[in-house]
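For reference, the structure is listed below as structure tokens.
All chains are identified by letter, namely A, B, C, D and E, in their written order; residue positions are counted from 1 within each chain.
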Amino acid sequence: MTDLPTTTEPAAIEPEPDTTGPAAEALLGTDTSRFRHDYLEVRGLRVTFGGFVAVRDVDLTVTQGDLRFLIGPNGAGKTTLIDAITGLVGATGSARFGGTELLGRGTHRIARDGVGRTFQTASVFEELTVLQNLDIAAGARRGPSTLLRRRRGTPEAVEQALELVGLGALRDTTAGVLAHGQKQWLEIGMLLVQDAHLMLLDEPVAGMTQAEREATGELLRRIGSQRVVVVVEHDMEFLRSYADSVTVMHQGRVLAEGTVAEVQNDPAVVEVYLGATHTDDEEA
Amino acid sequence: AQVDTAGGEPSEATGAGCVDTSGDTVKIGFLNSLSGTMAISEQTVHDSLQLAASEINADGGVLGKELEIVTEDGQSEPTVFAEKATKLITSDCVAAVFGGWTSASRKAMLPVFESQDSLLFYPVQYEGLESSPNIFYTGATTNQQIVPGLDYLAEQGVESLFLVGSDYVFPRTANKIINAYAEAHGIEVLGEEYAPLGHTDFSTIVNKVRSADADAVFNTLNGDSNVAFFKEYSNAGLGPDDMPVLSVSIAEEEIGGIGVENVEGQLTAWNYYQTVDTPENAAFVEAFQAEYGADRVTSDPMEAAYDSLYLWKGMVEKAESFDVADVQEAADGVSFDAPEGTVTVNGDNHHIAKTALIGRIGDDGLIYTEWSSDGPIEPDPFLEGYDWAEGLS
Amino acid sequence: MTGMTDRLHTLLAPGRTRALAGFALAAVLLFAVAPVLLSPFRLSLLAKFLCLAMVAVGIGLAWGRGGLLTLGQGVYFGLGAYLMAMHLKLADAGPGGVPDFMSLYGTGEVPWWWEPMRSPAATVLLIVLVPAALAGLLGWAVFTRRVRGAYFAILSQALAAAFAILLIGQQQTTGGTNGLNGFRAFFGYDLTDPVNQRMLYLIAAGVLLLMVLVARQLMVSRFGELLVAVRDAEDRVRFLGYNPAAVKTVAYVVAAVMAAVGGALFVPIVGIISPADVGVVPSIGFLVGVAIGGRATLLGPVLGSIAVSWAQTSISEQFPSGWIYFQGALFIVVIAFLPGGLASLVRRRRRRDSAASPPAPELEERPA
Amino acid sequence: MDILLSQLFAGLSLGSVLLLAALGLALTFGQMGVINMAHGEFMMAGAYTAFVVQGVIGSAGISLLVALPLGFVVGGLLGLLLEATLIHRMYHRPLDTLLVTWGVALVLQQVARDVFGAPNVDVTAPEWLSGAVTIGDVTLPKTRLFILTVAIVCVATLSIALKATPLGRRIRAVVQNRDLAETSGVSSRGTDRLTFFIGSGLAGIAGVALTLLGSIGPTLGTSYIVDAFLVVVAGGIGQIKGTVIAATALGLMQAFFEYSTTASVAKVLVFVVIVAFLQVRPQGLVTVRTRSLV
Amino acid sequence: MLELTGVSTGYGRTAVVHDVDLTVPDGALTAVLGHNGAGKTTLLRAVLGLLPVRSGTVLLGDDDVTRWPPHRRVRRGVAYVPQGQQSFGQLTARENLQVVADAYGAEGRRRTAEALDLFPALGPLLGRPAGLLSGGQRQQLAIARALVTGPRLLVLDEPTEGIQPNVVQEIYAAVTALRSDGDLSVLLVEQHIGYAVQHAAEYLVMTSGRITHRAPGGATAVAEAREAMAL
């Protein structure tokens, strides 16, 4: 952070995510090398904590281009499912991506296999600048010789991500001082430069303004066409606008799966999750 | 096999050459640990060195020159002792240095004094097996303390021993000697235990001692450990009647810390006790308590330090020179009517002839002589005069 | 901002020019001024301080950047020192000879693990390899198991305690509390000769400058940023595809090797190494200078370490036993009220290049 | 068999000493995250308190019983002073507290040296604690039985206080999230001070108890501090239960290793075992996991 | 109930909130809207006393609490639900509530029971360390904790973030109910503008640390609020 006399405006320059400009084009644009058709295949996944079964026998298949939303009551096991796939908690069963079994591998190996995630509570490197956060996210595959040299300039992908998530003006700001929403954008940016093929986003738009949600939604839609994307969200308005398909979890199981309309009208889903008045959602 | 101490030629650029005796004062250095773990012991030595210096100054100094003391803190670290010794010799240009306690500090300083060709007076009983032209050892070597201690025990009919010591060079070397002695004199050694310096839990060791059931315990523990050991020992119901303990490192100073009730009746081996009945001692104790308080006690290392300053004075006055070579030359036969009795410098090995005293700890915390050697014992740091000790060095 | 301007910026940044200027100044002071101004005694004292400063450089990297509060650098310092001392002892004893203390207190035989140190080349190699291997193994084991923060600190402290006890207990082969001392020659050069002592000083100064350069390169590199990231949020780094254990281990190994080299040079300069120089207390002592100088900066640890050593020596000369109050007070005041160390005083006035070096780890991880 | 029982008792007894030394740390380090290297010096202060009390009261029989609570207060007040002047500004950088308190430890040692003189002093054990209880062939020194009792009383009181009283909840809440505690109506400053007072007071009690076993000198605390921290770490930070188990285990291990080898080797072995153990359970014996990424 | 006059605050050398005037009348709901990073959370932290106010005053009823520590303000009747699902991770869910209830004796136990009625999902989780709960469970716990203080002013920072839709509805129903049968005042920061503006007596829009728009709330004001936000 540069010299800020006490009277300056806050570093809070509202992020203006630009998800349609040339940067987005470059970072997300049709990548012909990625013609293979990726998919995530979860079979009989089970996570237990002591005696408590948080996820039980979940089957889930998500293919590239199908923007999948994962919803369900608080404590249904959504985050735990993501934790299991990314190696944070142990699980039994199977979770395969791109032909690789993910379960039982180290977290960093899974990440190197192209699995990226965000966290329900935004988690960035507080003492590093926004730019450094992104640069690190971009570099897991760097060799020692690159690592041991000074970073000169900004890698193209990082530059594009900065623009894309609207944090360009805050590039040299320490991430720890970012507001809640800004951190979430930074996390998404990190996920983008990480070049993950499977992206698991845990409540990415929580705390965002309406406009930002829309920007994020557009971004997800574009990402989704090239990658396998799973989004956990409680914001129904957002879901209705952007989900291609929805999986509903309840008490560790898959309760329902289908299109937005299908699950919205599923009485069980209404009962445990949406509530009677969901149709006149306040944002509607 | 004498230690090869030929540290190379003393070099011109450094060395004792800078001692300035042109004025009416002469500088000497006191190097004791005034901080760190050893301060507990070394502070007392420092006090008695100060006493000796002020007495000498009041009496007209050495060769008419007043002593000017440079004090340095060894900080209980051998490395610091070496550094400060260098500083005293090369920067302060002192004529001689007095101090050191642990063998580690002495070993650290030895090469310094040899390469800078200066003099160290070391006042503590130690493990022997050393002799340097640049060091005068005014405490006991093994044949003046440990061997008489064993002689005494053998005389009392002790047929088995248990050895307890701190884990460092003095106790280990002492126990090597004890084992050799025991083997030669038909005494059985039933156990040998070492505790790290500063060790404070002796229940296991005391358990072992108890179950070994030896006739006596030979104790070479150093410092705080003695307190913990004796408290445990007496709490476990052991005492001088069941199994006497002969200690070579607890003096009057330590007894207050251990608690008289825990050590009353136990044995020690030294060359000096506060209770020694000589006019010199009466004067020493009186002067010391006048200076530092009536509650203070005097002990062997303090007395040896006190002697060391007077012995140096005697050597200088005999040589009529402060020059190191002259002092070394004059050293042999210099004697001093010390509180412990007359002590005499052995010019060959730089130790001094001392009388060995076996003492028993009284209920007033003082130690009373129980047995004494027939006059001063000539120092024999390499135990060359003892057949059973062959091969030890 | 484009890559080009970025590059210009890094080249011309005051940080860079100032670092270069500072470096040149340090070199002039160390190589030209000090040897002329100081007496041989003071010069070898300074040489000793430089050796301790080498340990500090490594700690600055591991702790200042990587958040690894290592309370056991005495182990690596000691390994380097003892390996060097063993070589000097064997060299003094001559081919096939037995070091004096072994015949006095031991069996009179040289144990097998001393033998490699008869060779000067092997000694130099082992001084780097042994600490590196130990730190590598230990670091890898501990870091992959995610032992960190206070756990790591306490564990490293226990290591130092165990190492010292081990050295003391192995009297016959390590010299016990006496340590190893009384060396006569250093790779054939008479150690009592002032010319050689001055040479040793110059070697220490050169090695220290080299280490500072290495540390600087590591800090400004991407590895340096990654290290800070691992310090802040180790698990998050893992989700980006890095293995944080590897990152930490590298920093730990580098710090260990620096400490070992410092120890190896300490031996001929000071003339003794003993367990009192490697245990818990000296290990914490190494941290003092680092913290006071400014742990997260490049030169802070070096200058802090030299300043503290110097203060300790000169204050204890003036007030024997009083220096403890001073040392304690200095430590308390600087760390409690100036967490960035004295370097942060300087920085406070010129903050412009702060982007080039992340701030001190004020938000260290809580022992949860 | 006797020797086995004797060693068992020796181990338990050593464990109780370690426990007393570590219990306060389990609060200040385990709960509050402060790595207080001056904890040992607080123990020393407790020991000197016992010495002074004995000087004033004279009768050893009563003075020990007076010294125990007084040692608690002296240790506690020292801790309070430390908290109020230094520690309270450092909760967000726990590792730094290690260094600051190390400076404090140095100063306290030197103060003791200057006030009480360099030589060690002694507290006479009361008549009713001299000697040993003999069961069969096993002798149990009364002083050690007494320390065991003190340790058990302290542990019981503390764990009940922490687990079941509002105070305990407050302490734990403040440690975990100061701001959140404040905005939940808990005075974090007050709670911090109280916690630190109790933790340091326990060090004072430990110091008084130790006068029954060894000497009182300026460096009394240094011999316990490393072991005490190890106990807390091996037990699992923040868990009194873990601290108790770890202290007992360490005591027993030390006693049995020492019996079959030597005291030095035993100490090294114990360290090795702990390092190995932390490989298996990096967070210590008893842990409360959280899901947060830190 | 709450009155802020000319409040400025920030972090270290950075000023974030500038010269904010704001009132929450007794029994009323005041909403603060604004983009990410506008300074809403910072403002609330100043209201609670977690950040020192650089200039201006904070009045609670008749008391000038500008220099009060947070816990005193809480005792004075302010309850706070911070952003980000915060809890005392190693305390069980029950202890999370108890730590607050302890200060209020029997009254505290009664309020705990009431809060648990509002969040039945918490019932079976009471014995679990809060750090192991799911995000939404933690957020429910946070709101329950706030209610246990028996607040007269409830300060909510995006309270429904991460909570399942039907529970969101219940939370708002509960807030409405609490307001209707008492004189509970509410200061609300919310990204879901609909509820906030509808129920607010007044709503404010914050931009770059300043209040850039303020207007009476109500069902009709929602569209206008959206417009103000979009600026």
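Here is the rule we go by: a residue touches a chain if its C-beta (ideal position, glycine included) is under 8 Å from a C-beta of that chain, and two chains touch if they have at least 3 such contacts.
Every value quoted in this text rests on a predicted model; they were computed, and no experiment measured them.
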Shared chain contacts [chain B and chain C, defined touch]: D
Chain separated most widely from chain C, comparing mean CA positions: E
Centre-to-centre distance between chain C and chain A (centres being mean Cα positions), rounded to whole Å: 43
Chain C and chain E: spacing of chain centres that average the CA atoms, whole Å: 51
For chain A paired with chain D, centre-to-centre distance based on mean C-alpha positions, whole Å: 47
Whole-Å gap between the CA centroids of chain B and chain D: 36
Interface hub residues of chain A, defined as touching at least two other chains: 119, 121, 123
Where chain E touches two or more other chains at once, by residue number: 89-90, 132
Residue list for chain D, restricted to those that touch at least two other chains: 110, 113, 238, 262, 264, 267, 290-293
Residues of chain A that touch chain C when the two form their complex: 1-3, 86, 88, 106-108, 111-112, 116-117, 119, 123-129, 132-133, 135-137, 139-142, 146-154, 171-172, 174, 176, 190, 194
Chain D contact footprint on chain C (complex, rising order): 67, 69, 71, 141-142, 145-147, 149-151, 153-155, 157-159, 161-162, 165-166, 168-169, 233, 235-236, 280, 284, 287-288, 291, 321, 324-325, 327-332, 335-337, 339, 361-368
Interface residues, chain D side, partner chain C - complex: 29-30, 33, 35, 37, 86, 89-90, 92-96, 98-100, 102-107, 109-110, 113, 226, 229-230, 233, 237-238, 262, 264-265, 267-268, 271-272, 274-275, 278-279, 282-284, 290, 293-294
Residue ranges of chain D touching chain E (in the complex, touch as defined): 166, 169-170, 172-173, 176-177, 179-189, 238, 288-292
Chain E residues touching chain D - in the complex, by the definition given at the top: 48-50, 69-72, 74-75, 80, 82, 86-91, 95-96, 98-100, 102-103, 129, 131-132, 145, 149
